[in-house]
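See the structures that follow.
Note that chain A is present in both complexes that follow, paired respectively with chain B and with chain C.
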Partner chain A sequence: MNGPFVSWSSGQRLLLGVALLIAGAVMLVAAAGIAWRAVQRWLAVGELRAAHAQLHRGRLDEARRLAAAAAERLPREPSAQLLALDPADPQAGERLRALASACERANDRHAVLATLGLLQALAGRAVDAPLEGTGDARLLAAIRAAHGERMASWRLVAGEDPPQRQVLLAAHTVLLRQALRLRSRDDVRLHAGALLLLDPGHPRAALLRPLLLALSPAAADEELVRAVAEAREESEALARTIAALVPERRAALTARWPGLAEQTP
Partner chain B sequence: MIVCQACGHRNPLRTRYCHACGVRLEANLREIAVAVEEDREAQMAERWLERGRSLFLLGAFFLTCALVLRYAVVPELPPAVMPPIAAGPLLPPAASAP
Partner chain C sequence: MVWLIRTLIGFAVFVVAVVFAATWLPAWLNRVQVPVDYDDLQGLEGGKGLWLEPPPYRAGDVLAYRLGPGPDDVGFGVVVALPGDSVRLSEDRLLVNGEAVRPWSPYQPLRGLAELGPLTVPAGHWFVVSTRHQRDSLAHGPIGAERVLGKVRE
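And now, the complex of A and B:
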C-alpha cells in the first residue's frame, strides 16, 4: 500500500493516514451496527419459527409470548408484529393500519389487511381494509351477512388470492352458529366438517364431532350420547342444540339428560 | 535531510558523504536542526499512515464479515401469519333458538 505514496510529502502522508483512520473507524462502527442488527434478526427468526410451531400445537399464549419477544427485537417487521398482536386491544386497528403501510412484501400486507378486516367484520363494522380481488373479501362479506335470517354463503373465484386460514376458520365458525340457529342441517354438516378438516385439533372438536355424528344416519344413538357426554360442562347445551336440530335424536338425548324435555321446544 | 553542498542531493541524517556525488557533507547547526525536524515529521507521518492503514483494513474486514452475516447467513424472516382471532361461541345462545 506504500507503493503509490512513496513520492508523497510527509504532510500528504499524514493526511492520508488520518483519512484512512477515520474511514476505518466509520467502517468499524457500521460493521458493529450491521452485525448487531443481524444477530437480533437471527434471534427473532428463531423465536418466530418457535412461535409458529407453538401455534400449530395450539399453544396460543406461548406463541404470542415468543412473537412478542421477536417483535421487540424487530419493531418494524410485520411478521413479528402481527403474531404478537392482541386482537382484544382497542388500539389493534390503528396498529394494523400502520403495519400495513410499512409492509414490504405483498403477502405480509395481505395478512395484515385480512386481520384488520376480520376484526372489523366480527365487530359488526364495515370492512374498509382494501382486500378487493381476494377470497378474504368474500368471506368477510359472508361473516357480516351471517346475522340475518337467510343462510349466508360465499363462492371462491378462480384467479383470486386464496383466503387466509384464520379468516376461513372464523367464517366457518360464524356460519356454523347461524346454521345451528336456523336449524339448517346441510349447512351444519358443511361448516362443522370444514372446521374439523381445516383444524383437526380444533379446540372445540368435542362439540364439532357430536354435531356431525348426530347428522350421520350410520351413527347409533349410544355412540352419539357418549360423544356428547365427552363435551363435559357443555354437554347439556350441546345436547339441547342437537335435540333442536335433529328431533329424531331427542329421545336418546333426553334419556341421558332429562332436563332437555322441558327446555327443548 | 542533509542537502549536499555540491550536487544538491537530499541525504538522510547520519550521512557523512553524499549518496549521489560522494562529496563530504558539510552541514551547519541550523541545517541539522531543520533536517532533524523534517525527519521527525516524516516518521510521525509514517506512523499515522501505518495506523490508518491498519484500522482501514480492520474496518473493511469486519464490515465484510457483518454484511456476509446479515445477507448470507441470517435466514429470511418467515411470512406474516394471522393471529388466531376468536369468532365467538360455537353454539348459538339457547334464547335465540327459533
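And now, the complex of A and C:
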C-alpha cells in the first residue's frame, strides 16, 4: 500500500504533503467561490421573480428596487440590469452600450440594443442602435413616425427575429394614442386589442375593454355603459374618448354622464 | 508510482462526475407541485408532483410557470404559439397564424368583443392556454422565459 513512499526521504514526503495541501486549499477556495456565486445567483433569481411580480401589479418603483438589488449581485446579467434601468437617468444610454458589449449571448445583446433603441425613439432621437433587418427596427421606426398626422404602421416579415416585449408594448401604446388622436377606428381596434392580449393584467388594461366594446357592433349600449362605469374615477374621461371616437354611442353615454354633451366636440 | 497515478485518475474521475452532476442534475431533477385546489387545466390533478424538462419548448408542450412569489402561484398551460407567431381572438375563437386552436373553451371576460389583435408573440415568450383560462396567457399575457419553470415530462 505504501510501497512508493518507502524509498522516499522524509524531505520528499514533506514536499509531497505540502503540495497536496496547497492543491487541496486551492480546490477549497475554488469550491467556495463557486458556492458563493451559486448563492448570489439563487438570491438574485428570487429578487428578479419578486421584481417581475411587482411589475405585473403595476408597482414600478418596488420592481426597480428589487431588480437593482439583483443587478448588484449579477452585474453581467442583462435581464436584471434592464429591469433596474431608470429611463430618466441621463447615463442610461451609456450604461446600455457598455452592457451590450459585455453580453456573451447574441439574444441578450439584441434585447439590450432594442431597449437602447426604444429609449432613443421615445425621446424623439434618431435610433443608432444596430438593429437593421429586425422586427424591433420596424417597430422603433413606427414609434418615431407616430407623432405625425398619418397613421404609422409596420409589417413584420416572416423569418425575422421576433420583437422584444418592451418594444412591442411601447409601439402598441404609442400607436393607440395616435389612433385615438386621429380617430382611426380600425387602428384603435388593432392596437387596443393587441395590448389587451399582451398585458391583460395591467391596471390600465381595464380601460381597453370598454373601448373595444364600443367598436363591436354586436355589443349593446347598456353593456358598454356598464363597462365604462366600472372604470370608476376614470369613467367620465373614458366616456368622452369613446363619444368622440364612436359618435353613434354618444347618446347612450350622455344619458349616463350628462356633462359629455357640452364637452364632446 | 502506479499507486499515485491510480489515485490521480480516481480523483479526476470524481471531479468529472461532480461537475457532470452539478451541471445536469438540477435540470433533470426539476420538479413542481400542482396546487391542491388546482382545476385550471383539464387532466392535471391537484396536489400531484410533476417532473419538468428544460427547453426547447414546442407547440403542444405543457409548460409550468410562476405567476407570483407564493408556493401556489404556479400555472400550467399548453403552448399554442411560439415567439414570432401571430395570435388573434375572433368571434370567441383563438387563431394562431390564422388557424383555430383546438380544443378550445371560450374566454368569458372577453366575450362580446368581435375582434382582438393580432398580436405578435414577443421574443422569449410563449402563448399558453388552459381549459378555464384562469392562469393562462389570456389572463396573464404571453409567458416570458423568466417565469417558466419547465415543460411537464410526459
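As a working rule, the second predicted complex is superposed on the first by the 237 of 265 C-alpha atoms of A that agree within 3 Å, B and C clash if a C-alpha of one lies under 4 Å from a C-alpha of the other, contacts with A are read in each partner's own complex, and residues count from 1 in each chain.
We adopt the following convention: a residue touches a chain if its C-beta (ideal position, glycine included) is under 8 Å from a C-beta of that chain, and two chains touch if they have at least 3 such contacts.
None of the values given here were measured: they were computed from a predicted structure.
Chemist: On the A-aligned overlay, A:A218 touches which partner chain: chain B = first, chain C = second, or both, or neither?
Modeler: second
Chemist: State whether A:R204 touches chain B only (first), chain C only (second), both chains, or neither.
Modeler: First partner only.
Chemist: Please indicate which partner A:E47 is in contact with in the superposed arrangement: first for chain B, second for chain C, both, or neither.
Modeler: neither
Chemist: Residues of chain A touched: more by chain B or chain C?
Modeler: Of chain B and chain C, B contacts more residues of chain A.
Chemist: Who does A:G135 touch here: chain B (first), chain C (second), both, or neither?
Modeler: Touch status of A:G135: second partner only.
Chemist: Of the partners chain B and chain C, which touch A:S10 in the superposed model: first, second, both, neither?
Modeler: So A:S10 only meets chain B here.
Chemist: Now for A:D187: first (chain B), second (chain C), both, or neither, which partner does it touch?
Modeler: neither
Chemist: After lining up the shared chain so the two structures overlap, which partner does A:L168 touch, if you call chain B first and chain C second: first, second, both or neither?
Modeler: Once the two structures are laid over each other on A, A:L168 reaches chain C alone.
Chemist: Pick one for A:L196: touches chain B only (first), chain C only (second), both, or neither.
Modeler: Second partner only, chain C.
Chemist: Please work out whether A:E236 is in contact with chain B alone, chain C alone, both, or neither, and reply first, second, both or neither.
Modeler: neither
Chemist: Which chain A residues come up in both lists, the one for chain B and the one for chain C?
Modeler: Comparing the two interfaces on chain A, one with chain B and one with chain C, the shared residues are 1, 48-49, 52, 79, 107, 111, 164-165.
Chemist: What does chain A use to touch chain B in their complex?
Modeler: Within the complex, chain A contacts chain B at residues 1-2, 5, 10-11, 13-14, 16-21, 23-28, 30-32, 34-35, 37-39, 41-42, 44-45, 48-49, 52, 55, 60, 64, 67, 74, 77-80, 82-85, 87, 103, 105, 107-108, 111-112, 114-115, 118-119, 122, 143, 164-167, 169-170, 173-174, 176-178, 180-183, 204, 207-208, 234, 237-238, 240-241, 244, 263, 265.
Chemist: For chain B, which residues count as touching chain A in their complex?
Modeler: Against chain A, the touching part of chain B is residues 38, 41-42, 44-60, 62-63, 65-67, 69-70, 73-92, 94, 96-98.
Chemist: Please name which positions on chain C make contact with chain A in the complex.
Modeler: 1-4, 66-69, 73, 83-84, 87, 89, 109-110, 112-125, 137-142, 144, 146-147
Chemist: Using the touch definition up top, name the residues of chain A that touch chain C in the complex.
Modeler: 1, 3-4, 48-50, 52-53, 56, 79, 107, 110-111, 135, 156, 160-165, 168, 189-190, 193-194, 196-201, 209, 212-213, 215-219, 223
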